[in-house]
């Protein structure tokens, strides 16, 4: 008998009888008067991310400010041109003319700029779903500096609302909550290990 | 079929615990770390107003999974396969190791990078790969520390919890190839930086990665890995081949169910509102991440555990390690005393069930039944209930063998179920202690008793029965009050 | 209301004064307390050690003995937890016994529950001019959820200064047979508990369970005295030191 059939047979013999009802009395909606954007900013700062809030017409200037001194910037194919208008360094676009390699992205002095799919206020989480302004997973992973643009319309209160907003959960998903960190030494959190050590977030009011 | 691998204790718990207790540095390290995480967890749990509702939902989702496991596993297999993954099944640790070894061999690689995974620790995968000439590089900081020190993990979440920063610095200085000694201080940031430099080249060049999974979604065939450092993302994204070893109980029915566990897990484990990185992937995505994805579903004693109506709740476990961090026994002895990759309260109920009767017989007694673990468990595993249940199973299995303890328990039960026998026994106990009372003198306590009560008086004085039992006092009072 | 005292086997033999204290407190409040002499042991040690077959006759005995009463009071958090939490599991499979347990368990109270919840009393008119710290035992804290009921009772005692015990929620290391089977770990936990108690500067540590207190008191006594362990009921009843310091109004 194959391992598969044997295991499934053993489970059928061992499992309990009957269905289990799942009570979902936890919160999936939140009061409309909560300042979600303020909460998101507070949580991000708590993770030691750098946060800027600006209006729609100030994105380019804020990007340029946060990337001052950064000579090269990688962007996924769908990042809007207007975000880059004030940036003075070199922009390399993934896929144009060719997909960026790991070595390209690991080069010193390179940052990456992406958007996100949704942001969770309560946990300070940015959810990337490989959409056009986020691109492939390695883009937001290999560079040491990640700059992410969030629109206030993308901010939801909690995890349930965030997952419900995803267009397609089978796309590669990455939940980012602050810069990379570890708690492995005496269970104290230290920021900065293998993922980007600097996370900047621009929250765009609209 | 019984589970095998790194889950079988070699020493009885009391013996192993005694050895660990002798290490004052270890106790200081554990105390500091567990108290730090306890406070953090308490703070972030307190700010979630619907925490109890989440716990109830989490427990029910897992119970539902156990009731529908065959259908959900088949659904998961179909969805993952449709998304481009290849699903394998393994009855026990040897079979799982053989499957993975063969898959790695087929790639031609002799080195793999690994994401921290309890399942691969459980089945002893690194040892098996080494025997096949394949080097497995642990990339989680704590796993790396343990691997460099040639040690074994002592905690589910933080396998190097038994080391403090100074000891970790020494391990890196002695064992990490090419480490920059000048920059290596015992500051956690410097240690993390050293690990980053050490592993970066490995990540960027690795062809094969091996991971576990925190959750496997039946509906979509999605796997999830919850991590902090980004080493997980590196392993899950950069290599060409990804092999994930997943216990069959890791299934959740729907993608929506993750909304419960992604709230419960981070706050319970690292005491954070959310861990820095969570990756979810479904089979192969062309142009993004590994081109070949394998999933190995492992039983290794889980079906035996499932067959026990009380003990099966241990299969709800999401490996957060909150129970370890609040356990007063774990805090004193650390993880090695449990002799299994699953230490602490959850280990005391999981290891003996996975391995079956025989091994790990002393683990269900490694608890005062204080209940702190049950309170902390995000999926409401009633660990004290299961501990007592496993003690009972052990006692029942030994019914026919002579035992001094059984004789004493039987005798006490026989005496206590009859009021005359019981009253007589109380009188006898009181009278029997009279010589001791004389010896005890003014302090009224006994400093040394013969075996087996010497286990008590080794570290504490023993009280003596007073001149009159309560029932004697009551009877005298009733007589006096009767007109 | 017919109130029965379940004194518990440990108290009957080793700590009769705690039982006397319960009688005294309730009588002073105007209640009559009965002591059904058929009682013995709740079976906690048997059940928790895995001897279900040996525990069951004791469970039956408890149910038979106390079924006629409106309320059962015991000065022991762990014995009450046994009745309320473990009896339903032990009785499962026997419909008649399960029904009897289901009827009796909710009427079985730890002393502070009876006083505060049922009788609505927090001031029993005691006097105890000492610094006291309270160790909320595991069963009281996490199974019975006694909360601060015992502390509320102690706070009304004249002259008593109640000081918080740091890490109070942590187990003292007794754990029944754990103290014998895992004597070294138990001793390590006890040492930390005793250090925390001494650190409060209290002259007395009180708790709701004499088995934990025997363990703690034994550790304190071995460590050189100075702090006494005692059941909080004895403070409320003014029965400390055989009544010598009884200054109740």
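The letters A, B and C name the chains in turn, as written, and every chain counts its residues from 1.
The rule we apply is simple: a contact is a pair of C-beta atoms (placed from the backbone, for glycine too) under 8 Å apart; a residue touches a chain by one contact, two chains touch by 3 or more.
According to UniProt, the chain labels map to these proteins: A = L-lactate dehydrogenase complex protein LldG; B = L-lactate dehydrogenase complex protein LldF; C = L-lactate dehydrogenase complex protein LldE.
Every value quoted in this text rests on a predicted model; they were computed, and no experiment measured them.
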| item | value |
| --- | --- |
| Furthest chain, CA centroid comparison against subunit A | C |
| Centre-most chain [mean C-alpha coordinates] | B |
| Where subunit A and subunit B are represented by their mean Cα positions, the distance between them in whole Å | 31 |
| Length of the line joining the C-alpha centres of subunit A and subunit C, rounded to whole Å | 53 |
| Footprint of subunit B on subunit A - complex, ascending | 2-4, 6-8, 10-28, 43, 46-47, 99, 102-103, 106, 120, 122-125, 130, 136-138, 141-142, 158-160, 163-164, 169-190, 192-196 |
| Complex contacts: residues of subunit B adjacent to subunit A | 1, 29, 32-34, 36-37, 40, 49-50, 53-54, 56-57, 60-61, 63-64, 66-70, 73-74, 83, 89-91, 95, 139-142, 145, 157-158, 160-161, 164-165, 168, 188-189, 191-193, 195-196, 199-200, 203-204, 217, 220-222, 228-231, 233-234, 236-238, 248, 255-256, 258-260, 262-263, 266, 270, 272-283, 285, 287-289, 297, 299, 303-304, 306-307, 309, 312 |
| Of all residues in subunit C, those that touch subunit B in their complex | 7, 9, 11-17, 19-20, 35, 37-41, 43, 45-52, 54-55, 57-58, 60-61, 86, 89, 138-139, 141-143, 169-171, 173-191, 214-215, 217-219, 221-222 |
| Sites on subunit B touched by subunit C in the complex | 13-14, 17-18, 21, 27, 328-329, 332-333, 365-372, 374-375, 385, 388, 390-396, 405-406, 409-410, 412-413, 416-417, 419, 422-423, 426, 429-430, 443, 445, 447, 452, 455-466, 468-475 |
